[in-house]
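Going by the order they are written in, the chains are A, B, C and D; count residues from 1 in each one.
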């Protein structure tokens, strides 16, 4: 599918989607509520996006952005899905029932950014200590003991 | 037919094991293949590549002169804060003030041998030396001053 | 990390109905580093595996946010330290893509040759370590003998044996060592004559085959769903070689095969890696005599500034797809950097493939997943 | 010609001349105990060094080479270290059993020394059911291992001990059958008679192919019984860290370590006695001159030479093969070794009855 076709296809699934073509791949910005149905449709519908190769979060100081890099092993087209989250209470639905790899990746994002994934089967800290306070990859994280400012 | 399979199973299994034993047996009976390097004994013949990144040094020539201008390019290039350049102002006989290094402090314990400082240096004042025996009993000994006492910048280096 | 009392508490909770919970790692001979697996057993049969990570987490992603685009490349050597060169290459490629830096052909050729040497070295180490996991100690030394030749070549040319940091944005840090071609050819001869040893000692060995065949089976669908890449996915028949799909540098100019197996078990993963070494040799043989003359580094600005936007590159390391994702705000340092490490996804499949097997099977599965812990923890 | 037999008779005659018979017997006992303990210590040192050197040369290394000429005193230094080390006992271990276990394993090794003929007429106890004695006593060592695994209160140890139990119990069988083939051929359970029966040729040559098969089965079975790679599941370094002796340190660990090597020595000594004629020199048909020269080599040298050859074979296995999985280990025994050894025993019985052996 060309980018134009995708641009026509996506709004049927997520009406509020906006597009950004400046980067290498087509970026689709959706709202957090629309994300899960869109993802299911992308995986199981005619796009067959069966390969989630990167899942991460970016802290833009005003808001958090979840970034999902999707690809398909059949037609090798990659798209990027993004969803902005409220920085105070970031909540988004999990995609780990669609792509199993998301389970660990979401756990990592959970502890590093504090994004809460609803319906995640096992949302615990994966890397940090259980009693760790704060979200280290957020921009306002301060650790006067272990962080050295150069 | 079951019996035939059974026997071929046993025979192929045993031959595969014997092949492995032949290989190890070969090495057992050929001591020439031994590759052990007896390290502290072979220090004299140990050849390290001249490019080996062991530590940062500052070469001085016979007149105790180096080529460091104190431009702090290496300090800026270093990702770990390994190098600290302390500069001073020297007054030349003509009365002109000139920037020069007082000390170039190099902290080996922080260095990751990434070579970025050497690439950054505009006057080739520092280079990597193939030394690797760095262990000392006191960590403070790893903080080194690279310019030798009393050294000064070579003429003509700006 | 879990402290002592918590582990004991966990154990009593999980092992309620006759199950045995053992903490495999962080200090365990087979976990190669500080991987901590909480394994629930029923007798010898594995019920559940839960990895606890973070023992070597250095927060490289956070660290890179304060380093400039020239500086952060060296940190990536410390992630997957066995394919450090390829990690560096991935980062350099991203910067070159983002800033449209022209890389001279010579640098491209050398980068590919060194990448393939790194891949062979990594697979050699893996081969020895995995044989050791399965109880055969000797292949380890034979594999390391060949690996040593590669590290010597690396030492000559790059100045370091493991964390090379030879790549800078725009090309290479310095030119090849004059002896490089001669030494690489010597290595290829040695490797070809010794590779049959692994067949005698490991591949054809009946014990090894029975330990790995049919163990830790991963289907193609699961491999994709779990995001497995590299030899792990290729052993399940998933074509995922970045060098073939999205050729970078000069991979589109060389002839090589993407090694695919269909069984998806530990033996298939083993075979993929062994055959991949031969393909790497093939690539090196095609390039080693044809390195073009010219500059080894292109023209770059003194201070690198990535334009505002988002960038993603991927390269094929010895373990699979390594992705670099940078969000730039236009400054000298990245705003957010994310490394998609192959080991992380490959580890997540461990619970899936090892459950139902025995402890011995776990060693085979874990060994053939080829986990490098700093790569997982980052 | 030098012979140990002369020394023993001289010592006994002298003792009987000086003391009354009871006293003489007591003193003989003390001498035997001292000799066997020093043999233990010596064997431990030599075999560990040998293992390390064999492993090193197979693995294109040099092995220990710093302590003494060629690293000869490396194991002495290691032993000193182990003696001086603190022997930790885990908090929740069963202290009594934990301390007892290494001694049980050790004791089994000591008991097994008794019927072995080290040289011509140089034997502690020429018991008439020697073979039976050996196979029954050697299966006792599993008790020590189970004890160690259970008392350590460690899950790895427990798993290792359980594996070891299953393994030793099943491999006893084929080891027993392999030994039985020789008993069938000889018609005696007494070790000295088995050795004497091989005066005109060793059983491995005289007994045709069935004896060779029995020998192969014996070597495989005893490798498993002594928990050596590729059957070292009880220790299984990469799976169970150190198996049943994970929690042991210092001298207690050293005892386990020693017992492992003593057991190897003993099973190899028995193998040498049964299949290679013990201290019997190599005699070939009617080559009178050759046989005469062979006779000049002392019988103890013959015995040790054969034993160490078998030990080398077992070490060679260890450094070549990967480890089996626990179910494969039992499959190998029950599906391959046991049927083959039963069939082999039948074959040998037929050969023995019809007198087809030489």
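Just so it is clear, contacts are C-beta pairs under 8 Å (C-beta built on N, C-alpha and C of every residue); 3 or more make two chains touch, one makes a residue touch a chain.
These numbers were taken from a predicted model, which means no experiment stands behind them.
In this view the innermost chain, defined by its CA centroid being closest to the centroid of all protein CA atoms, is C.
Across the two candidate interfaces, B-C and C-D, the one carrying more C-beta contacts is C-D.
In whole angstrom, the spacing between the mean C-alpha positions of chain A and chain C is 25. Computed centre separation for the pair chain C/chain D is 45 angstrom, with centres defined by C-alpha atoms. Chain A and chain B have Cα centroids separated by 42 Å. Annotation for chain D: residues 58-61, 319-321 touch two or more other chains. Contact with two or more other chains is made by residues 138, 145, 201, 205, 207 of chain C. Counting only residues that touch two or more partner chains, chain A has 150. On chain A, the positions that touch chain C within their shared complex are 22-25, 27, 50-54, 56, 58-59, 67, 69, 73, 76, 80, 99-101, 103-105, 108, 126-130, 136-137, 141, 149-150.
The touching residues of chain C, when paired with chain B in their complex, are 67, 70-72, 74-75, 138, 145, 148, 152, 155-160, 163, 165, 168, 173-174, 177, 197, 200-201, 204-207. Looking at the complex, you find that chain B touches chain D at residues 10, 17, 20-21, 23-25, 27-28, 31, 33-36, 38.
Those residues of chain D that touch chain C in the complex are listed here as 55, 58-61, 155-156, 159, 163, 229-230, 232, 236-241, 319-328. Interface of chain C with chain A (complex): residues 1-2, 6, 52-54, 57, 59, 61-62, 66, 221-222, 224-227, 229, 238-240, 245, 309-312, 314, 321, 323, 325, 327, 335-336, 338, 340, 344-345, 347-349, 352, 377.
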